[in-house]
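Here come two complexes built around chain A, the first alongside chain B, the second alongside chain C.
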Partner chain A sequence: MNEMEFFIDHSRCIGCRACMQACEECDTHRGASMIHLETIMRADSVQTAPQVCMHCEEPICAQVCPADAIKKTADGIVQSSLKPRCIGCSNCVLACPFGVPKYKAEINQMMKCDMCYDRTSIGKGPMCATVCPSGALAFTTREQIERTRQGVAIREWSFGGEVVKTKVNVLVPRHVHRIDVSVEQLGMTSTDEYDVANLLMGEPNGRK
Partner chain B sequence: MARPPVSIPEIVRQFGPTLNRIPANGWKADQEPDRIVKTHCCFCGQQCGIQLKVKDNKVIGFEPWEDFPFNQGRLCPKGVKRYMQDEHPDRLKNPLLRKEGAGFAPVSWDAALDKTAGEIRRIQQSYGNDAFALLGGASLTNEKAYLMGKFARVAVRTANIDYNGRLCMVSAAAASKKILGIDRSANPWSDIPKAKAILVAGSNVAECSPITTHYLWQARENGAKLIVLDPRMTPIARNADLFIPVRSGGDIGVFNGMLHVMIERGWINREFIARHTTGWEQVEEVIRKYTPEYAAKIAGVPASMIVRAAEIWGPAETSFLLHARGIEHHSKGVENCMAAINLVAATGRIGREGCGYAMITGQGNGQGGREQGQKCDQLPGARDIENPEHRAHIAKVWGVPEESIPHKGLSMVKLFEAIHDGQIKGLLSICSNPMVSLPNNAYVREALEKLEFFGVIDFFMSETAHYADLVLAGSLMEEDEGTTTNVEGRCIRHRKVVEPPANARVDWKIICDLAARLDHAEKFSYNSPREIFEELRRASQGGVADYYGMTWERIEQENGVFWPCPEPGHPGTPRLYEGNKFGHPDGKAHFQPVEWRPAAEEPDSEYPIVLTTGRVVSQYLSGAQTRRIGALVDQYPQPLCEIHPLLAGKMGIAEGDFVKVESRRGSVTVRANVVKTIRPDTVFVPYHWPLDRAANNCTVRVIDPVSNIPEYKICAVRVSKVPPPQDEIAQLEVQQGGVR
Partner chain C sequence: MKARWNSDVVHAACWGLLVAGILLLAIYFGSGRLRHFDAALVPYTGAAVFAAFGCGYRFAMWLRRPPTRSYWFSGWRIFFRPSRLPANIARLLQLLFNDFLEQRFIEKRSKLRWAAHWLIAWGCILAAAVTFPLSFGWVHFQNAPHDQHVYRAFFFGQQVFTFHLGGMVALLTFNILDISAVMVLTGVALSLWRRARDRGAIAVQQFAQDMMPLLMLFAISITGLFLTASTHLLHGLNYGFLSMMHAVTVIFALLYLPFGKFFHIFQRSAQLGVQFYKDEGQKGEQARCIRCGEAFASQMHVNDLKNVQSDLNIHYELPQGRHYQEVCPVCRRKSIALAQDGTWRELRTPETTRTLWPDHP
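This part shows the complex of A and B:
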């Protein structure tokens, strides 16, 4: 398989926002960034997480759309909403387990990442993955990723029992096969793993 | 009379910084560019390759340049949005003359150049040649840096020229020269992923040199262990194998402690030391007392961390040391770097694949800018201005008598002290913004106010230009041809992408026109920057930083050429010290024993907290460019004071509260950012902002005795919760020095 795929490695992300700044430069939605960068818990850590559309095999956003405004291409890209169809109801915004679609009130339309379809469809890399200085976002072949990364690329998720398969991969430790997000995890608010004061007390670094 | 002609808010209203949020030609998609130009980012020392899209002589956007080997299309947010400084409403388009009570008014170039040359003459005739000083910058191309040095020594005949690289690279430079014999990163970046142990000391790589992150992560994918020293858990420290939250100024404790353990456990290369180095015995003698416990007290971290660092570094098969301003910005900056480099030399892991050492250059041409002769103690080719042979070579290239070349002048901080003391009466500055970047801003302001004449060449009205008598509208990087030398020592080509707007001029032409008015037209009769480069090549020939074998064509074709490149056809030198041949005349590395000593101002009962300063990813240096780009300002709008909850709690400070950070010299009032990612005895404020938001209001005007770098990374402060500031400055926009 030499098909180009999208990979996210959250452990590499440095929160620089080059992805967002570059996304905004993409011709199909110039002036608006479609990628989100989440600052997880700045008080506790500098961990950040980039979020592109994961391009689900069975896109929930499209399934819940009453206007049939979200289409998936034959090559598996879930497109942004179609302007003539989108009624701005925000069902997709509420339904997406990754929090990707955003309702833009000023144009009364949902917009989201389409993996730079104008670029990828002519052989260019998506803006975000091309500029990402840390390699947290990569657009390359699975073979190249397996050769150069320690983690394993997976694209299967479970949200409280509901399994979601995506076109976009995430890199995880070798023993992980599926990412399970349980409801109780969502309420977690604090960690001392990165507390410098603890480290100075001689606490182990808490990382490998 | 170098005072602002009207109030600062009045100048700011006229000249910004205002925010450019919309590209030239708007956010329109599908604009077919007239051309796409391969060039480089104008900002930091990584000098990433980038393609700029041009339509109707306007830069309308960018496209990644994936074929350029160093960054392969990667960019940080500054690089992505740099094109927004083109067609900027704040752009200076005419020479501007100070008018008391009225501001700055456009004048003709003839009037501006005549006045500048006239003031140089008048001041030099009244007070002597050295009473007029020049200040250059490390974001200038090699050609312009060379021209500034020659202009000072040949046309102005002053000893007093220095540059803002003095605030950046000089500690690393001095240490590297002392031990290894050459002032340059020893290895190309392609060696980083091949190293099995990596030590990053005092470098917030993720924010200050983001492209290097990928090299570090790639090394880790290949099995490397990463050690990071920093008082803050930066984004790379978060994922390091060993993060050592060292006390600011305590780095020598870690380095010497590591070496102690390495000696004890036999992790040093005695054969290499015997054959290729000098001075080891003195180092071993000094290191004896640096037991992990002793070293830990200096470093302010548990001894076990120092032992663990030695266990990673000591027995590694290959290794790479990187350091940056975090250990260099100290009154013992050179010693900090030497103690780090000793760790490299003691293992003999240098000069081969995957084994080496690099200083992470901060400014765009931080490397090249210090080689071409704009340093107070250097001539082109990184030559010594006091060495008779070096002087004779340059005198011949310039066609001047050797004795006419002035001797060593004052370095940047001393230069401002001489202005403050009234010895220097006139200053012409280019590519520098000391009102934001020098320590103790109040002192800098007092100095500038004492100048009889102050001329500034810049493309925006910087905070320093407020104090100018005359501002000469110069050029952006993308408005002129030239070369820079990146962090690896790779000389690369910057291309003219667009013409300077309106009546602005390319910098080199301004300098040459001034030289002509000082009766040196024939020695500055260049028709293009390429002609300056041709002369630079010859001037550098036989020097340490030898560019003689380079041509612009080669540089373009080969995606850059590494110096030394002593003759045409020479492949250039990506990796220094191969075959263990070091830069000293004896071919050996010279160990330097280093003893820890305290900072100039350690915390005490009155000022009990350490202030350390640095950068954020979306801003560059003094912010003169990046505080004008809307998308970058939105990302991190105003400086925040990072403070640990344990320390914040003692003073009743909560997230978002306004705090006053106050030293013996001044204060800065900003919002608190309460985070567990910083040492509880230290606060951090980034320095990119002016006026009451300037971290450098607090910093201390003390310099390293060898490198003359200021001690930005440690001074003593107290921090208190204050009500929201309501004064006139606070009301300004955030990019102007206001606060929200």
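This part shows the complex of A and C:
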């Protein structure tokens, strides 16, 4: 009950990028941030969202890896690709339902968030959650998170017909048991770059 | 599922037996029907034949995995396309030089790692290139009939070159295993140094996967050097015991070869095929994300991944004939956040607002 777990609440993100800076300090990938921070729709909203590896129970990245280079530790952490094995094909980058793995062309290897294994394997919190000022990323006990937050922490997702269970939790209202990344959210929302000058001139959408 | 597993095992075992059988035939005929085969080296040969079986078995099992099979066949199909074959051969030579001979991709990860790996890899290749042909009887030496100071080297029964016993070629030929042992020991020392100091490596390394192979290479190299020391410096002191120790370490490594970290030597060949696959993908049609419309991968790669996912029972099919594999990684991350945010937005009616936040104005 008192086991430390990772919780993510995308809607709390304030886009400060502290998580990205802290991530670069992690010893297993020093100097390279493994966390993604997305600006959702720049013209309409200041909404940003962090994305860490969700550490799936049955990682799809590992299943589609032709080199058998992605391994999960006994404590449920999906590691970066094994350096001797990774052949840099990017199958994992394209197949991960959460869009997490990064292909580093210069070293021909996939790297990803490993929940700061240098820290979490010895009982410390991951860098990103440790520095997040808004609580969008938190590393604490389930009891603590549910006592201090609205809603509940769940770890089940669906992508079309694929149900994915993860080690990392997401905070949702109490009636939600699974997040369905449905076709409505995948509607044709353009993410073209916006021209800020056009926006200031009152152009309807400011598209370039 | 169990039937599929059994079929995979039988299939792989057949490949293993075939590889081991080819090696046995090569030993028989390559050694002049065992005329040049040294019976004292039978334990080495036995372990090598087992390693051949194990490598064939594991490689075949590896190729039974849907993503591996997909890349394997696509890579060869692209490589052997007649119109591109000459260019592909040139590209292969370039890749072999960069990725195999120089191993530059490792240098970009870390210079220390590269130096250690290069020394270990080429030390082992050099040693293997000498010991396997010698112990299989493929290579043997004879004195020249008219001059005891000239050696003739035979490969598969054919004389390939001669050398004078006092020359540099003789010095290199008779000490090549000592040279390779020094290379491996230097590489092992650099690796251990890195693994003892790099906090990232310390966090993820495992004894069986990372330390054991280094210890094995150390044991083989040091016992090999002890044999030389015993011969040249100690008048053969404990040579019998030392040669037995050396044999044990080599045989253990050969038995470990198909099932441990050393197997990456064979798996890395896939890296070459992937390069051809990527080159082909870049020249072809690009897949565009169904959400943002941006190109994010080759259409060939996306289509192949859909087939692989189908084989793996991964069901990314979306309503209206769409497929989650057609969404780019950036839009996936945005969709995740929008989906999570959407669960809260559904609650934001005046009624729920009053329920959740009674003091809300």
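Heads up, the rule we're going with is that the second predicted complex is superposed on the first by the 187 of 208 C-alpha atoms of A that agree within 3 Å, B and C clash if a C-alpha of one lies under 4 Å from a C-alpha of the other, contacts with A are read in each partner's own complex, and residues count from 1 in each chain.
One rule holds for everything that comes next: a contact is a pair of C-beta atoms (placed from the backbone, for glycine too) under 8 Å apart; a residue touches a chain by one contact, two chains touch by 3 or more.
Not measured: the values here are computed from a predicted model.
Of the two partner chains, both chain B and chain C are touched by A:150. Contact comparison for chain A: of chain B and chain C, C touches the greater number of residues.
Of the two partner chains placed by superposition, only chain C is touched by A:85; chain B is not.
Legend: residue contacts after superposition of the two complexes on their common chain; A:14 is shown touching chain B, with no touch to chain C. Using the contact criterion defined above for the overlaid structures, shared-chain residue A:65 touches chain C, although it does not reach chain B. By the document's definition of touching, both partners, chain B and chain C, reach A:28. Once chain A of one complex is fitted onto chain A of the other, the partner contacts of A:47 extend to both chain B and chain C. Across the two superposed structures, the residue set of chain A contacted by chain B and also by chain C is 11, 13, 27-28, 30, 47, 150, 192. Against chain A, the residues of chain C that register as touching in their complex are 62, 65, 67-68, 70-72, 105, 108-109, 198-200, 202-204, 261, 264, 267-268, 270-271, 274, 277-278, 290-294, 296-297, 301-302, 305, 308-309, 312, 314-320, 322-325, 327-344, 346-347, 356.
Those residues of chain A that touch chain C in the complex are listed here as 9-11, 13, 26-30, 36, 38, 40, 47, 49, 51, 60, 63-68, 79, 83-85, 87-91, 93-100, 106-109, 114, 117-118, 121, 150-151, 157, 159-162, 170-173, 176, 179-183, 185-192.
Those residues of chain A lying in contact with chain B across their complex are 11-18, 20-22, 24-25, 27-28, 30-31, 42-48, 125, 127, 130-135, 148-150, 192, 194-197, 199-202, 205, 207-208.
Those residues of chain B that touch chain A in the complex are listed here as 22, 27-30, 61-62, 64, 66, 71, 73-77, 79-81, 206-207, 210-211, 213-214, 217-218, 220-221, 232-236, 238-243, 245, 300-302, 304, 617-618, 631-632, 635, 644-646, 655, 673-680.
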